[in-house]
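Two complexes come next, and they have one chain in common, subunit A, joined by subunit B in the first and subunit C in the second.
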Partner chain A sequence: MLTVQNVTKRFGSFTALEDINLEFGKGVYGLLAPNGAGKTTLMKMIVTLLFPTKGRILCDGKEILSMGESYREKIGYLPQKFGYYRNDSPRQYLRYLGALKGLERRAAEVRIDGLLEKVGLADVKDKKMKKFSGGMVQRVGIAQALLGNPEILVLDEPTAGLDPKERARFRNLISEFSKDRTVILSTHIVSDIESVANRIVMLKDHSVYCDTDCSSLCGMMGGKVFECSVPQKDADSFEMSHLVISRREETGQTHFRFAQDGEKGLPPQAKPVQPDLEDVFLYIYRED
Partner chain B sequence: MRVFICQLKRIFRAPFFLGLLAVFLAFDLYLVFSEASGHKNDWENCRRSVNMVNSVAEETGTKINSTDFKKKFAVVLDSHKRDLKSFYHQKTGKESDDLSVMLDNLEGNIYQMTRGEKNRLYDDTTVLNMENILQNRFGVYRNTDFKKDGETYIHEEKLEGFQAEFIRKNSAALQSRVKEIETDGEEDELYFPGNMCRTHGFLYGILFRALVFESALLGVLIMMYIVNFEFMHGTQALAYSSRRGRKLATNQFGAAFISGLLVPALLMAVVLPAYFALFNFSNLWNVSVSSPLNVEMSGIGFFPVITWTRMTVLQYLWATIGIAFALQAVFCLLAFAVAVFFRNNYAGFIIYAILSMGIIMIPERLPWSTPLPVITAANPFTAWKNCGSWLALSEPTLTYPTYFPVLFLLWGAIAAVVIFFGVRRFRRADL
Partner chain C sequence: MKIEYPTPEEQHNSIERIVKYGLPQRSAFAELKEMFRSLGPRVIFYGQGDVMFIAAMAVAFIAYYLVQLAFQPGVGKVAPEYLYSFLFTVSPTMYLLLCLLGFWKEKLSTVYDIKMTCKYNVCHLAVFRMLAFSCANIVVNMLTAGLCCLLHLESDFWRMFMVSACGLFLLSVLLIYSLLFGRGIIPPTVVSAAWVPANLLCNALAKGTYWHFLRVVPLPLHIAVTAALACLYIFSLKWLFLRKKEKVLC
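== the complex of A and B ==
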């Protein structure tokens, strides 16, 4: 159990996070917030790259900073941006990170081969990474995060640069991996979180906005999301007067999905629809 | 251990390391070979002089004041005089007993001689010169009065208090060392004559100075490279959140420090054997380096090598190698200290270069009215500049027997304090 207790993080006069309280048990936690809301800051504090200005983070009741290696050996981390050694092959790269993670050499070799297979890089495991595409590098990053068989997996934008097939492979990998483990992932691709996360944590104004499961979160928007079509000549004025979530042009008509509190001013042709996580995201962060 | 080995591999595979090591080795070998093969000045002759003196020592022994030496040297000298006569007759068809006439005539025709003939003439000349040098050797020390020189310096610089006392004390120590040289037999020992061979000046003042500079440069680059390695590659988030965490800095320091010390070892392992293969010291390893023959031209005068304690040529070489390694350790520690504060190789290197130049210039600009010139001169950069006069008579601020212990204690402590605070800061730094 990972507990974030009254954590505040300031960088000079800028407050990135204010009085955050969260608990992460087993399962997949999706961290949702717009850019600059403090997701990466929170993740970096969890992996001990940043230190809280106030408050503390506990792992099974012990403060993580005092646990040192015994805490870090439980962590797997994929940063939003990470570098690699251009002349190393994925295998060499993972060997080095395996050594840093304290893995025994032979066990590491077996695990590296298995993980490269799982992320679809088995045929290029001895090729230099400088020739890799962004997606391939990202998959090496995912493999390194899983390398130490971590109890707590922290993934910052893990699907960035992956094609839909790879994203599906990643989601399956995470689902399989998350049994009896804690996975905290942030992404802008809301559908990734929707399909794998057991709980959603949303940050707003540098604080926790909500910490709940996906269906409850979508339930909060029940009766507030509608769809309708309007003539194309009226589309712009409609968009100005409503909180539009999506817009699609059809023959002579513009199809809108929009959110609205109450039925006042609701176009007669509007039909209520089942809200999804993207609707919630766009509704909550409409002013950001 | 695996992490440590990984760091070592990173250093030894780094293109800058391999490239600079090759360039430095090539340059040092060029120094040794060009100076020994006559491309520059008179170094082929110098090499022959060194080897000739060494082979004379084999025949005569090294106690130049002993009857045995005198007898044997007379035999060697006679043999070379006869050889010169015969060579003179062979080249001119004339006979002469006057050495200066023979030498003048032969040297006038040197451009018509074969290489073998030139070498023959040069070997004979070397032995004849040795005779003159041996006869005049006592002049060097007997005309020296360090106490008087010290008082003159104190008067000229208007020194008083600590500074005057410092100069007086060290002048007196030097004078008593000269006395010791005169009485303990060091004065009677053969060495490569400085004004003929410049052996000491080349080996320590040129070759070792180059070796120490190159080692320091490569050591500093290694330190900066490895300390900032993860930051340069953008892998710091992965590396420092791993189980090893920020303790990785310890492995990095260990690997870089050992590699830094390996640099002079690698350079010396190639360059010194090459030098000693060309310049044969085999019969003179055990003579005192403070021999009255070890006097070279410096500026407008002759500068004798007077070490603070009796040291043989071999001991002085080992001591120099030891100091070179200790200086390398200090250079590397300082580079690590700079690197942990400035996590950018370019900035770190520029700051290191500015610091080193500043530290060299500081002592010269401080007033003698304070002890500061003496304290600040005990620094690794000035010590490098003074290479060739280590453990021996040198400039006033550098001439005291405990110069190197003071330097290593002071700068070891400075580096340790800066590293302590740097590492502590890094352990609590947001990455």
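== the complex of A and C ==
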């Protein structure tokens, strides 16, 4: 169990996070917030790259900063900007990190081969990474995060650069991995979180806005999301007067998905629809 | 009879106490030894080839300069004061280049964040490398002193060696303290950049005292000062190894 207790992080006079309280048990936690909301700062504090200005982070009741290597042995981390040695092959790179993670050499070899198979890089495991596409590099990053078989996996934008097939593979991998572990992931691709996360943590104004499951979160928006079509000549004025989530042009008509509190001013042709996580995200952060 | 069962907190405290006193506590140097056994030199010095090449070139250049000095036509014997101040100033060159370029390489590396979350992180690697590089620099200093004797630039091998070792450990201590008490690698970079100008300034402004320390002070005193600096360096390294600090080297 990972506990974030009254954590505040300041950089000079700028407050990145204010009085954060969270508990992470087993399962997948999706961290959702717009850019600059403090997701990466929170993740960096969880992996001890940054220290809280106030408050503390506990792992099974012990403060993580005092645990040192016994805590680092428990974590796997994929940073937002994943770094690698361009002239290394994935196997060489993972061998190096495996040694730094304190893995026994033979066990590491078996684990590396298994992971490269799982992320779909088995056939290029001995090729230099400088020839890899962004998606392939990201998959090496995911493999390195899983290398030490961590109890706590922290992934910052893990699906960036992955195509839909690779994203599906990633979601399956995380679901399989998270059975008895804690996975904390942040992504801008809301659908990834929707399909894989057991709980969703949203940050707003440098604090925790909500910590709940996906269906409860979408339930908050029940009766507030609508769809309708308006003539194309009225589309711009409609967009100005409503909180539009999506807009699609059709023959002579513009189809809108929009959010609205109450039914005052609701177009007669508007139909209520089932809200999804993207609607919630756009509604909550409409002013950001 | 009812026996009070300890609360979970009491159980936890008892376990902590037993583990604390029951298990042997390993020193920082035992940890370093274990790290070397576990990682091996290939992993510890991974990606340091270019840095080592630059340092080796600098050492070769110093050796070439000394040979040039010895065989300069039409010039008499090199003044011992000049030779000692030169040795004192340039003796930590190899260590300085290896450490500083290594720090900058780690800072600029995109792998830094990942390495900092590993069991053996960048700090552990840096401490081990600093220790290894200072040992290598002592050997180079010994060879430099030997070369000076061979070239008949000066005959007092032990004084030359102690002067250069003193220079090495003085800069090492300054470098490590700037890392411990400064933030990031700008302070050690400033210390390194100031080393040669500071020596030149001492040479110009306090010539008498500076040369007296290098040339006249009895050898046992030199040995004592160098040994004290070496001890301070070792303790500071241990401190750096165990220190928990945000953004080390960054």
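Heads up, the rule we're going with is that the second predicted complex is superposed on the first by the 288 of 288 C-alpha atoms of A that agree within 3 Å, B and C clash if a C-alpha of one lies under 4 Å from a C-alpha of the other, contacts with A are read in each partner's own complex, and residues count from 1 in each chain.
Heads up, the rule we're going with is that a residue touches a chain if its C-beta (ideal position, glycine included) is under 8 Å from a C-beta of that chain, and two chains touch if they have at least 3 such contacts.
Bear in mind the structure is a predicted one, so any value in this text is a computation, not a measurement.
Asker: Following the superposition defined at the top, how do subunit B and subunit C come out on subunit A, clash or fit?
Answerer: Here subunit B and subunit C cannot both sit on subunit A without a clash.
Asker: Identify the partner contact of A:84: answer first if only subunit B is touched, second if only subunit C is, both if each is, neither if none is.
Answerer: In the superposition, A:84 contacts both subunit B and subunit C.
Asker: For A:111, select first, second, both or neither according to whether it touches subunit B, subunit C, the two together, or no partner.
Answerer: neither
Asker: So, A:102: does it touch subunit B (first), subunit C (second), both, or neither?
Answerer: Touch partners of A:102: subunit B and subunit C.
Asker: Determine where on subunit A the residues touched by subunit B overlap those touched by subunit C, and list them.
Answerer: Dual-contact residues (subunit A): 44, 47-51, 68-69, 72-73, 75, 77, 79, 81-85, 96-97, 99-102, 144.
Asker: List the residues on subunit C that touch subunit A in their complex, please.
Answerer: 12, 38-40, 43, 46-47, 109-121, 244, 246-247
Asker: Report the residues of subunit B in contact with subunit A in the complex, numbered from low to high.
Answerer: Those residues of subunit B that touch subunit A are 2-3, 6, 233-235, 237-245, 247-248, 428, 430-431.
Asker: In the complex of these two chains, what residues of subunit A are touching subunit C?
Answerer: 44, 47-51, 61, 65-66, 68-69, 72-73, 75, 77, 79, 81-85, 96-97, 99-102, 144
Asker: In the complex, go through subunit A and note every residue touching subunit B.
Answerer: 11, 44, 47-51, 68-69, 72-73, 75, 77, 79, 81-85, 96-97, 99-102, 105, 144, 148
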